[in-house]
Amino acid sequence: MPDTDVEVGADVAAKEKMVLIAASGDLDKAWPVLILATTGAAYGMDVTVFFTFWGLGILKKPGVGLVGDDWRQKMLSAFKKGSPGGLQLSTLNFGGLGARMMKDLADDNKVASVQELLDLAQQMGVRLWPCRMTMDLMGLQTEHMIDGLDRPAGAGAAISLMKQAKISLFI
Amino acid sequence: MPDTDVEVGADVAAKEKMVLIAASGDLDKAWPVLILATTGAAYGMDVTVFFTFWGLGILKKPGVGLVGDDWRQKMLSAFKKGSPGGLQLSTLNFGGLGARMMKDLADDNKVASVQELLDLAQQMGVRLWPCRMTMDLMGLQTEHMIDGLDRPAGAGAAISLMKQAKISLFI
Amino acid sequence: MPDTDVEVGADVAAKEKMVLIAASGDLDKAWPVLILATTGAAYGMDVTVFFTFWGLGILKKPGVGLVGDDWRQKMLSAFKKGSPGGLQLSTLNFGGLGARMMKDLADDNKVASVQELLDLAQQMGVRLWPCRMTMDLMGLQTEHMIDGLDRPAGAGAAISLMKQAKISLFI
């Protein structure tokens, strides 16, 4: 292992990059995003997840009420509450029963929850980038989001990173 | 800047490629497709978008009536009218109210509309490829589509291009 | 063409790789997965499809009844029957009528069915990897799946392969 800052820097620079775009706030998309991100990090990759549009819901702090100054932003936040523990299935959701059943089933099968995977991702150095433009669109501010995120970023930053990445996926 | 055709050609050949596959006709997928395409072009990339299956709806000319010779094609065109301004949300659509609300909200937040992004993409030289096979499947012909598209292409052409691309995403 | 094992090996090693992640069990996603996989193979690529979560439904043997020991797994298998011939559309499905109409329309337009594309993919040497973790989650075992699949694999194997691939798509 390198033991100086310079060498560590060189080592980091040499790491292969994975970029994931998380554009959906569904439980059945949040899982693959975070399983790929943490597995990639475990395999030594330098991983960044760019959360945009509905995907921002994955990062919402639990218990945040209505969001935004505009009635339309408030409606969006009322209908899509989000938060790591509050995601719903894209199919077979049955008003939340399906999502609850799937989470229990996952738990019994030792599949980590979205909250646990987010914690793990942060511990492993996965960068979590919320999309600035869609945060503004939905009236979301940093205080509405979970702790430990990187600063909001734009599509240009995501593209610059994907150009250097070995793996880029839109999920 | 290069000032001869030969050098321009060399410059174009050296541009890094981005290929996006647009397979969904939902507003919340059309936006990321076109924001990534135009941002990529602004960052100097050579961008191609391959529109297939429901994604063809993004390219439908407004006001086109029933499409196709077959009653099933006619039904598809009746239920999925498409057109840049007529796209619907994949979630919270509420019979079109959600899509209208989201478009108004985007407009107030200076987010370009799908129509504006398509125009911008064309001006920036983004290539828009409709998928030949799914056009035939749905009974769509060139006169049903917006102007300025490239000739219909097949999956093989998309794959050949993705093999050379720095960024390929299925959206 | 090479005519010894060693040369064949060298030839295979030199093939460009495509990796597709099939995470949806909808007909309108199974089609692009399998059309890209078989077209990629026809263009000389070394193709692997990793089927996970709802995407496992594409590989379910027709006529398999309730699956799993757990009531929740049984419910999942009852509501998402899957099988190559039994997939449903993500939109305009109308309780299965839309999917049936689309399959008939595809058939009349000489578009291969999911079953035919799976057979073709296997004949062309496309590797079909079911995801081990989500098979366990859903209580699926090898006997519930169609013949000729590769052994269940994990996310790490998919990532290792994508790192070497020219084209990686999440569909």
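Letters A, B and C mark the chains as written, and numbering starts fresh at 1 in each.
The criterion applied here is as follows: contacts are C-beta pairs under 8 Å (C-beta built on N, C-alpha and C of every residue); 3 or more make two chains touch, one makes a residue touch a chain.
The model shown is predicted, which means the values in this text are computed figures rather than measured ones.
Both copies, chain A and chain C, contribute mostly unmatched positions to the interface they share, with under half of the numbers common to the two. Overlaying chain A onto chain B using CA atoms gives a rotation of 120 degrees, to the nearest 5.
The mean-CA centres of chain B and chain C are about 26 angstrom from one another, to the nearest whole unit. Chain A and chain C have Cα centroids separated by 26 Å. For chain B, residues that reach two or more other chains under the stated contact definition are 168-170.
The touching residues of chain C, counted against chain B in their complex, run 16, 18, 28-29, 31-32, 35-36, 39-40, 42-43, 45, 91-92, 101-102, 104-106, 108-109, 111, 166-171. Here chain C touches chain A in the complex through residues 21, 23, 52-54, 70, 72-73, 75-76, 79-80, 133, 136-137, 154-156, 158-160, 162-163, 168-170, going by the rule given at the top.
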